[in-house]
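Letters A, B, C, D, E and F name the chains as they come in the text, with residue numbers starting at 1 for each one.
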Amino acid sequence: MTRADGRATNELRKVKITRNYLKYAEGSVLVEFGDTKVICAATIEEKVPPFLKGSGEGWVSAEYSLLPRSTQSRNVREAARGKQTGRTHEIQRLIGRALRSVIDLKALGEKTIWLDCDVVQADGGTRTAAITGAFVALVDAINSIWGESPKPFPVKDFLAAISVGILPAGVYLDLCYSEDSTAIVDLNLVMTGSGQFVEVQGTGEKGTFSQEQLNEMLAVASQGIEVLLDIQKETLGPVSWKVGREG
Amino acid sequence: MTRADGRATNELRKVKITRNYLKYAEGSVLVEFGDTKVICAATIEEKVPPFLKGSGEGWVSAEYSLLPRSTQSRNVREAARGKQTGRTHEIQRLIGRALRSVIDLKALGEKTIWLDCDVVQADGGTRTAAITGAFVALVDAINSIWGESPKPFPVKDFLAAISVGILPAGVYLDLCYSEDSTAIVDLNLVMTGSGQFVEVQGTGEKGTFSQEQLNEMLAVASQGIEVLLDIQKETLGPVSWKVGREG
Amino acid sequence: MTRADGRATNELRKVKITRNYLKYAEGSVLVEFGDTKVICAATIEEKVPPFLKGSGEGWVSAEYSLLPRSTQSRNVREAARGKQTGRTHEIQRLIGRALRSVIDLKALGEKTIWLDCDVVQADGGTRTAAITGAFVALVDAINSIWGESPKPFPVKDFLAAISVGILPAGVYLDLCYSEDSTAIVDLNLVMTGSGQFVEVQGTGEKGTFSQEQLNEMLAVASQGIEVLLDIQKETLGPVSWKVGREG
Amino acid sequence: MTRADGRATNELRKVKITRNYLKYAEGSVLVEFGDTKVICAATIEEKVPPFLKGSGEGWVSAEYSLLPRSTQSRNVREAARGKQTGRTHEIQRLIGRALRSVIDLKALGEKTIWLDCDVVQADGGTRTAAITGAFVALVDAINSIWGESPKPFPVKDFLAAISVGILPAGVYLDLCYSEDSTAIVDLNLVMTGSGQFVEVQGTGEKGTFSQEQLNEMLAVASQGIEVLLDIQKETLGPVSWKVGREG
Amino acid sequence: MTRADGRATNELRKVKITRNYLKYAEGSVLVEFGDTKVICAATIEEKVPPFLKGSGEGWVSAEYSLLPRSTQSRNVREAARGKQTGRTHEIQRLIGRALRSVIDLKALGEKTIWLDCDVVQADGGTRTAAITGAFVALVDAINSIWGESPKPFPVKDFLAAISVGILPAGVYLDLCYSEDSTAIVDLNLVMTGSGQFVEVQGTGEKGTFSQEQLNEMLAVASQGIEVLLDIQKETLGPVSWKVGREG
Amino acid sequence: MTRADGRATNELRKVKITRNYLKYAEGSVLVEFGDTKVICAATIEEKVPPFLKGSGEGWVSAEYSLLPRSTQSRNVREAARGKQTGRTHEIQRLIGRALRSVIDLKALGEKTIWLDCDVVQADGGTRTAAITGAFVALVDAINSIWGESPKPFPVKDFLAAISVGILPAGVYLDLCYSEDSTAIVDLNLVMTGSGQFVEVQGTGEKGTFSQEQLNEMLAVASQGIEVLLDIQKETLGPVSWKVGREG
């Protein structure tokens, strides 16, 4: 059974990661999952939040935003309204947590890496695209200051994320916006290069799901992530060998 | 193997739900999971958010807050700072989504039910305690306007939530604050009275987890939720028979 | 002549102060004046506002908030709206000023004591209940760091507060919400253990009052405060002997 | 015994009320108490706050602000900081309450009168100068729409306010800034033309006061207000006859 | 004399306007002036600001933002800080005013067109690039609802903008960031297709300028705008014929 | 041809600058252009913004505000709304830039001078009146700390500003509010004592203008500024000799 765009139910949209998308950032990509497009920029800052001062450890923090017209109807600019929505808070916390899970914050040292994920076009799956793209920007940023240093590289493993959902017709991988609006259950999976889970967020606002359905979604999502990990490695080329290198 | 407070690893803390805790609210409880104490108040408002006007459907919305000295060190009052933290946004969105999953919004009609979850004391598991307690307040609030009406009761099923985590020594149910700080993986499960999942949020910020570990956590959490469902039913007494009643 | 709840016009509601209400705070109470219930928590912070840095003096600051459903109809959460109301500002300034009047800020040293007064249920008189309860929490907090130290105890005198009003039928002590809404004149009195006035705030928004009426209100209020002072002393037990102790 | 500026302890500073100070406002004054200067503008708006819609009643609301350099050292502009201070809230609530006490809101009808009190120079007593001046602006604004109408004039009585304090050397009327900083007790009195009290706010942050001292302060303040009422009447000229006119 | 990038002093950088850059917006472009890149999106909203309700006239409003890492060092996200900077306000007011000058707001009817200008990369001249690009997005948006309608097309004339500056070495057109930082005088010119001025903003913060220098800057800028107008026309193709068409 | 108030088209309104208008500020004026009245206060602060720390250079920063009833209909107080409007931001940035252009920030040393421009009455031309008046306050403030010091005086030249507009009947100098509302083009000119331009801001929101019209406006405005410079010199008296003095 196929979908509006001809994909199989367990097939990703066309994924493309354009490296070094921005001139000034220490690392940056444009990541595209079909019509979903997110600019991810990594910035290295030589200070840490107050709770880490003097600890010798670094931090990774993410911010997320939708351009006003990334969406079907215009969404009000958060800067004009004077505050970020709850959805933005929820997503940027997820992105930050996910990326910190593969960073050795001690090895990084007292630096903060900011990951700015700005959605240019939103056709479903923006948070998982952001995580997948931000990982590449993060590796490039750290590589820009690590160079050929013999110290352990602070990125411990690869990391990618994908969404999967239960639609009336079954389990679908990598939902686009129109599919997402008919989904009964929605699950976002963040997984490492070694196949371990980092975040599992399954939500049944319009329905519920069983243990079996959860397992089926995770299986389909894991396959999708395998493909994403390959794309990340190909994008990073030789730099990808540094990930997980222990010095 | 036992814990600091003598519990077995798959044992809940002492849970207590005090019904009608507030004089003015349509429904309210004080819910206690050990030293974690949350006041949950349900308010019925005769209007809906703009996107539902004229739809005939209702809405359920949650707000969450920590009293400044519910925590070990004082946390700055959000009203004084002028904005809610990302953590607050994330939690109140989770509570709202979870409770909407068991409400028949059409049957409710054009009303909003506000669920205010104010944490008086925070010793771990405040968001799951809030969901478990808010469910009871919500049933009472709806009952206060439904009375003996023969129409289908808009609460379709029971709903409770619990946390579970992977500690160095294994999987633990219902983490208190000191356990939570040593957890490698943290999972919150929201489940219905019929054993279906509503939300599965597993997070491995300090580590990762496998499919097997996920399944183990879910099994332990499901057992804990069975106990919570019984406590909810006992607390609600005869009103509990209305849940799921189709008219 | 008696009132809806059977009290005499110069009689307080049932007042109860539950000490050590919270697990983490250095001092805390639940104070109840009839159905009015306020949680007062005292936190000691080892720093002072900028204008006191290096002065050797301490500070006492209060914050006040209504839980959204402490009131008959739900009041919008200030943290969600992004600012505190004028009423909140007015009340928390009053509480802070009142408590500072009995503290020897020099003896306290460069510390700030925060008094968080969170109203769980609001049936009139929340600001005077908050002052009366916060005093006990403040004594306990200072005692927690003073212990058996021979230095002068920084609490110079007892302090309590009560409201009184002119209703069509005469002067009434300790107004509950329904009485408060029919009051022509409203007066809050803050008084010390030695019978001196700290704050007199008489307000005639719906009417005016003469010097004689002012004196009558003050006489009735003073009697009420005598009772409150006794309750504070009984609540504090032996710790009450430290108040006013000069070393 | 005399003061730095040669006044007797029960003597006002030189008070001057310049009527029609602004070109566009319906009523406006510059009020000066010595070096304290406040611009008071009254604006009539043909709508009321939500809680009065359809009630047939009007409203009076006040706003207060210090120009950044009205004070000895520059105070940060509230508009730049994004919020009003607690002190501002407290003062503008006092001004609004005081003026509403002499307005027949039913006779006014569904209108709001805004009173903007902007302090150009602050040498003590700004809130009482604001009330005294705003009263004149308010009468002029109402007169501008009432004209020769035979309906009862909605201003029921005159209203003025003054500060008085207990200094080490005794009770002083109308404190300037340098006196205010040495005051032990500070009292603001708002009184009507018929000698009734509207607001009595006595505050002993740096000390306390007895019933006798309260009475002494009120006696001195009342005399000061008599003088202010005469100045208001002289300023208003024939318009002053309308105050209290019942149609 | 040539510049770092080999341009003549009166030569534009490479300018490129990619039409229909976004999938959902009624009109959108990516405009590039060398390394300066701005996404301009036009949204049509079927309502107008309050001051135009019932007037039959429409409105054009612009918003401007820098992505956090569009700049050399990261600039704090305005949505996270909770307010827009003064620079943002100044620029978005300029963009809005400029575009309204060529729109027949009566012919447009009661609609608002929002122009969102989001800077992806900032290498100088972002506000003039935004105006030049937003014009194309605006024409496309209006064309999307006008189609082949015989009514007058509401865009009266073409509009483009460019910056010019006085550097130590003379007058330079279209300053990049490094040139801009050494400029003594900076001028932004907005001009119509018929060669009329809409905005002239010359600023000499680091120096001053004479009437002759002003005229020289305007002459150079006007030439640059001629080139931009040609690029706009080429980009719009046949749609460009509608601009200025009177029905 | 004359105007409503009898002025010639190239004639200023009556301009008056009252020096030392405020008691506490280091420099202050009330500046009047006809019915437009602005209080300008200069404050010297012994610190600089972060980007200048340790640079040895000073800063000049301006803030602008309309009193709520300075305008024909009341404008909402920015402090109450919690943010400044875009117009306020635009104007205060202009004032700051303009005044910095004649200050030798190195000679000033690490100090910030704040210029608070508060509009008491707004009858057109408030921003140019503010610049013209703030210059005098600024000179007085610097003089208050420079005294007879032999070091170069940090004010390099005089500075004044005026508005000019194209009305249906031609070019008019110094527009009052009613003229301003019928203007097709509006231009603000800031000029130094030596006749150099500092800011030229010509805006044709309701029309456009040619190079010739621009030149005509600048010529008329320059004449107006000559008159303003004379008034500034007369106001400053002997202090005016210090402006431009090189030590």
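Points to keep in mind about this one:
The rule is simple: a residue touches a chain if its C-beta (ideal position, glycine included) is under 8 Å from a C-beta of that chain, and two chains touch if they have at least 3 such contacts.
All of these numbers come straight from a predicted model, not from anything done at the bench.
Centroid distances from subunit C, each centroid being the mean of CA atoms, peak for E. Subunit D and subunit F touch with mostly matching residues; of the residue numbers seen at this interface, over half occur in both copies.
Subunit D and subunit E, compared by their mean Cα positions, are separated by 51 Å. Centre to centre, using the average C-alpha position, subunit C and subunit D are separated by 28 Å.
Contact with two or more other chains is made by residues 82-83 of subunit B.
The ring sequence of chains is given as E, F, D, C, B, A, with subunit E as the starting point and subunit F next.
Those residues of subunit D whose C-beta lies close enough to touch subunit F in the complex are 22-25, 28, 35, 39, 41, 43, 45, 63, 65, 67-74, 77-80, 82-84, 88, 114, 116, 118, 120-121, 123. For subunit C in complex with subunit D, the touching residues are 83, 85-87, 89-90, 92-93, 97, 100-101, 187, 192, 195-211, 214-215, 218.
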